[in-house]
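The following pair of complexes shares a single chain, chain A, combined with chain B in the former and chain C in the latter.
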Partner chain A sequence: MNKANVKVVKAKTKRVLNVLITYCILILVAFIFFFPCLWLILASFSKSGSIYSFDGFFPAQYGFDAFKSLFTDTVMYNYPRWFANTLFIAVMSCILGTLLTILTAYCMSRFRFKSRKAMMKATLLLGMFPSFMGTIAVYLIMTQFNLINQHWGLILIYSAQAPMGYMVQKGFFDTIPYSIDEAARIDGASNFTVFVKFILPLSKPMLVYTALTSFTWPWSDFILPKMLLIDKDLYTVAVGLMSLGETEFARFAAGSIFIAIPIIVLYFCLVKYMINGMAAGAVKE
Partner chain B sequence: MKIVEKFKALPDKIRAIPKKLSDKLAGAKEILTQGNGKVTASMLVMGLGQLIYKQWVKGAMFAFIQIAFIVYFVLTGATDLFGFFTLGTREGNAWYGVEGDNSVVRLIMGILAIMIIVLYAAIYVSNVKDVYRTQCAMDTLKKPADFKQEAAALLDKSFHKTALALPVIGVCVFSILPIVFMILIAFTNYGGDIVPPALVDWVGFANFGKILSLGQFAPTFFKIFGWNMLWAVLATALNYFAGLGLALLLNKKCVKGKAIWRAFPILAYAIPGFITLLGFKFMFSYGGPINYYIQQGGGEAVGFLGLDAKWSARFIGLAVNAWISIPSTMLLATGILSNVNTDLYEAARVDGASSWKQFIKITLPYVLFATTPVLISQFIGNFNNFGIFYFLRGGLYADGYFLASDTDLLINWLYNMSIDNNYYSIGAAISLVIFVITSIISLTVYVLSPSYKQEETFR
Partner chain C sequence: MANLSLKHIYKVYPNGAKAVNDFNMQIDDKEFIVFVGPSGCGKSTTLRMIAGLEEITAGELKIGDTVVNGMEPKDRDIAMVFQNYALYPHMTIFENIAFGLRMRKIPDVKRDKEGRPVLDKDGKEIPVMRKYNKQELSAKVNEAAEILGITEYLKRKPKEMSGGQRQRVALGRAIVRHPKVMLLDEPLSNLDAKLRTQMRSEIVKLHKKLETTFIYVTHDQIEAMTMGTRIVVMKDGFVKQIDTPKNLYKYPANKFVAGFIGTPQMNFFACTLKKSGDKVKIKFTDADAEITVPYAALMKTTPHYLDGSKNVILGFRAEAVSLDGAGDAKIKVKISHSEELGTETLVYGDLNTEGGADTRIIIKAGGFRQFEPDAVCTATLDTEQIHLFDAETEESIMPRIPEFNYLDCSVKGGKLTFLGITETLPPAISCGEGKGELLIPVSAVKFGGDIKAKVTDSETVNGKILLTLEINSGRLYALSDEERKGDVSVGIDYKAITLRAGGSETLPMPRINCLDGTLIAEKKDGATVYSLLIGGEKFAAPEEVYTKIFAATTGRKAFNTAFRYEWDAYGLSVGESGISAEVEEMLDYGEEKFARVNACGQTLYVKTDADLSGTVRIVPDAAKVSVVESERRIRIV
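Then we have the complex of A and B:
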């Protein structure tokens, strides 16, 4: 064998090794991320609810009892009701929050008005406060407005706070060329028309991203609903599942799967938008 | 944002303030001296000048706002404003059936009243300016805009005012008011025994003195602060580099079926955080699967997250946090990597640079450059990561701490103190301290970062 041949063989083994190691790491990563999910899925099919009856990660016996009791045994834990509550709150907050956030971001990106810089700095600064201390105040405000123990109170808070996170959307609008606006304005379109007819259709990825994030926040939030909702029938799923103990583990797992599935489906359908949205918001400060 | 230059420019800005003020005063003076009777009428009664100019709708609207404000002020506004300073004067007594003032509500309604007054003042000024504009238009024989035109302008020239009205009100009431409230609470004695119906009072900086001097708070504060810093640095670094590494791994040419491999981390990302955290809590609990295998192997059940667990609970926290956060960093890095100029790699390969060198010299600087703002917000998010130890361990109180345990971050301590144990004012003071710390750190990091230093490198 001559020298060149050795070199080729060496390079080849190196490449094969490289591929092998890559796939080993990938399999390990996939396992790490998938295993806890698999565990929860298995747990939801266990016959006995308590975590103490498991053989390690695996239920001793399998069955559909947890799902059955989740939807039928609603005296103590009214899961269907919680689910409907969560869906209602999340959908309403998503619609209102997206609308307000997009409007804010668009104005901040396209209009140059007097207090614009001040507002941008203020939101940046306010975002650094440990926000939950403010929840005491939010609670008091809600008692003053008589919105405790009501879903609309939560929706109001979620949608009103949503515009604080307009930076990502503003970054996106900044990338849409001004020439589009100008051309439309020359044709006599008002700013409102420009926004609705030209800018919005171009911002579909950002709309999807905003809607998704403003849907998942109320969907999985627990601090606010725990504080504002008193009746067990008004609970959201997050608050309800938190009240389950170790003996109700299977029910917890089953309930978790139902709350996680819609989000997972949404994410997988929209992952492209997510990546673009995040990148757009990150590069632009 | 160029923070350093901003600071350097500060003296100039301060010098510019008198000029700005005098400009504003000149504008006001012009209206006062040049304004005719109708302007004066609008100053006395909002909208009156507009009505005299036969701008019926606008005039009526201004007049209505004034009436509404007066009604509000007489009914509740004045007492609310007064209550802001006194924080209530009548102590409630259930025994005698006396319904006293609720100091905390007084404070909130006081802040709200101040906000409403500021808003009213702004409308008042715009009312005067508006009638003066009409006067100028009339004097120069131009036709002032009629109501239809002005309404159309709300969707055109001043579209931003229309669009921003609702968001601004919402943010003011539900984001700014709570923060102002919290800041003000730090200067009162609210908490402990002094909760409504007892009356709360302003105490100045006493709470900050207490944190530093009082035996209870200071040692716990510094202990937790040390761990909190360590946690934030470790967690951010781990999540960032692991997420970046994962994105690079998935970007490799030899990886087939990228979408499938990517699906696993995304699955983890999509599951709501509280489910993940509670699931891991079950996993490491006494009866959980990990302990099951330890017992099968002949060992004793370990309280990974129990009261005595220090480092084991901390490591579990770090790992679980990584499990939750790495996928989002991965997605972000994937998006950014797709924007890297591939010519750079081509050139590097021609020059014979190893892949490690390419990573250090091209990929890392670019990604760091693009993600510094995200990195800072992730750092702050980790610094104030409330959920992780709240769900994994809950409110445990360990020896050597005041109402906290080894894993608690400052934010968890705040929660234990203020929500569970009523130390509201101390909690508010500490959260102010946290705010100052996090903003100093993030500003420093930002100024030192490549995206600040070499703003133009990648453009």
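Then we have the complex of A and C:
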């Protein structure tokens, strides 16, 4: 072998080694991420139910018992009911929250009014505090309005907090050229028509994103429903699962796994709208 | 299909920046107006104010006979084409064009299912407003698409079309509604050069076909010159000149217009003028050159520029100089380089053959000619085609309508002699005796006096008629509203003249009286009365005045703002109660009498028939007031 060939072989080995190391790291990271998930899935198929009967780290026997009891044994733990409650709260919060968020974002993006900048800064600042900081205050307000132990109380809180994160949507609206609004206004459209006929169709990807985020938060939230809901029948899945007895770990795991299904379905339904370039061809950049 | 009127239009931003300053213009029906100027000159802002996309700070905008200041864009019956097309990306081309129609309703009568009109109990048709139906929509869209040649693309989306086609769609969207006014904001600046030339002529054709008023904004002076019936040249928010392309080129009102219009740029040189006999010597300041032109070519030049002391700027176009022409006005040019453009050659040179100060000159020569660099040639200037500007103000000093008639005169025993005629001076003009000079504004020459004159020339400039009168072989310019010929009789409005004789000077009576004040609001019998507050006295303001003030200032700020109220001498009168004023002098101009009074520290001139003295009360006519906001200097009313 001459010198040049040695160099080529050396470079090739180096490249292979590089790829190998990269993949090793990636697999390791993926494993760290997915192991708890995997473990939970395995646990949900445990036959005995209790975590104490595990054979070391993994269940001793596997079966569908936990999933079955989740939907059949509803006397003590009414999982289907909790699921329905959660679905109702999440869907309503998603609709109201999305509406409020995009209206806020549209307002901030398109209208110039006094104290606009101050309001934007204030919301940004308030958004930096974790939402559970205000739980005591929220609880007191809810008692005043007699909304404790009611789903609508939760829906109101979720919808009202959603517009705090309007910044992303505003940023998206800002990318839609203002001259489209102006052209539409000259053509005879009112502000509302501009919003419904132009801004909304052009911001489908952002609408999907907003809807997804405002659905997932109420869907998986624990603190607020734990504080505001008293009756077991009104529980959401998160609170309900926490109320399960110690020996019901398999059922807990099955409930946790099952709750992910609607989000996955929703995501696959909406993902086709999350594409870029909606406004292509509108204006000359 | 409407005329437009813009009166004292201002655009001032909240930070105090003035984008448009006192824009005045009358636009006739079916005109093609072009706003042209460098970027940031306020041309787009003006267009957007007409469209209603930008609020008008002060002034009055009329489309047809309606004041549209506060009107929504959709109610103004205008259409606009944007620089970046602004098409609706999610709609097809058909929908893009049809959208404006869908948003509109048309008057019709109530009809039954078969389309027959339904009658009310008196047997009359019932008027209703309805939307366009499908057939009407597609007929109108197809008609517009056909005009623009985009019929085959109607089902496409904007992103599937090229730049030129998109601009056609934008035009189609505008013309389909048959608006009163078409507004175009630099519609061609995003296209390539070839397409631009093609679209330029198509837009001109479209204008002829539609017979609508077009307002077109561009920064490209070639577009302006080739398309407009009239051009508005703007700079830094000010209108520099409004005229036809030909007049802008031939009679630029200032150095900016002269330099902006025409390629290559006009040649400018600093120089001085000295009149001797019937010749005027033009001496170049930065070069050892001098030319002589006949005084006849500079007839309208203001005389005090001709004494050799004032700095002026001489301007002439590249085609007004030639390297092989015949003539008296010759200058030496040292050639630096030349550009062959095919039909012509542009020769670049310097007047200063020794080098030194920048005296760049561009000369147009015939096609394909070779010039040796550094060769010194003699260029001949066409003295008919020169322009002169004041070095400081940059305004033309040979305007098409001169401001004054400059005349030699003499005063003796209360009699004024000029142009071989003798007139008795009115008592208000007291002047020393002897020889002097008389300045009569062209607007102060009135028809129907006792001076006999003969019209030797008449010229229409911007709708006004400038007459050249001959009086005892002397020349007098006068403005007239109508065409006049042959013998006429004229008189002089003495209150407008300036007379310098015998070491004393009489100035004209100021046309504007100013008073400072504010606006106040009071509750009276449950209704709010707005008044002008001047020197502690209140004068009820007419609705037109205070609404305009409120529109120009915002909210309660109007009551904390200082205003300058202005009237001419006829807008003030003497009455029982009003602003207290001391009479300083009575001015008797023969036919009319005025009192010079002092009120609130201001000198005012008031029309009166009686002889006044001592303290009087001045009553201003609030309906005739014109209001200027003192701080931002905005004319509001």
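The definition used in the following text is that the second predicted complex is superposed on the first by the 257 of 285 C-alpha atoms of A that agree within 3 Å, B and C clash if a C-alpha of one lies under 4 Å from a C-alpha of the other, contacts with A are read in each partner's own complex, and residues count from 1 in each chain.
Note that a residue touches a chain if its C-beta (ideal position, glycine included) is under 8 Å from a C-beta of that chain, and two chains touch if they have at least 3 such contacts.
The structure presented is a predicted model; accordingly, all values stated were derived computationally and were not measured.
Of the two partner chains placed by the overlay, only chain C lies in contact with A:D187; chain B stays clear of it. Within the superposed three-chain model, A:R81 lies out of touch with both chain B and chain C [touch as defined at top]. When the two structures are aligned on the shared chain, A:K232 is found in touch with neither chain B nor chain C. Of the two partner chains, chain B is the only one touched by A:L140; chain C is not.
A simple residue count on chain A separates chain B from chain C, and the partner touching more is B. Of the two partner chains placed around the shared chain by superposition, chain C is the only one that A:L202 touches, whereas chain B remains out of contact. Once the two complexes are laid over each other on the shared chain, residue contacts for A:K47 go to neither chain B nor chain C. In the superposition on the C-alpha atoms of chain A, the part of chain A touched by chain B in one complex and by chain C in the other spans residues 278-280, 282-283, 285.
Residues of chain A that touch chain C in their complex: 177, 179-180, 182-189, 193, 198, 201-202, 278-285. Against chain A, the residues of chain B that register as touching in their complex are 1, 104-105, 108-109, 152, 155-157, 159-161, 163-164, 166-167, 170-171, 173-179, 181-182, 185, 246, 249-250, 252, 254-255, 261-276, 278-280, 282-283, 285, 287-289, 292-293, 296, 323, 327-328, 331-332, 334-336, 338-339, 370-371, 373-374, 377, 380, 384, 386, 410-411, 414-415, 418-419, 424, 427-428, 431, 434-435, 438-439, 442, 451.
Note for the complex: chain A touches chain B at residues 18-19, 22-23, 25-26, 29-30, 32-34, 36-37, 39-40, 50-52, 54-57, 100-101, 103-104, 106-107, 110-111, 113, 123, 125-138, 140-141, 143-144, 156-157, 159-161, 163-164, 190-192, 195, 216, 219-220, 222-223, 238, 241-242, 246, 249, 252-253, 256, 259-260, 263-264, 266-268, 271, 274-276, 278-280, 282-283, 285.
Across the complex, chain A is touched by residues 51-53, 72-74, 78-80, 82-90, 99-100, 103-104, 157-161, 163, 166, 173, 177, 190 of chain C.
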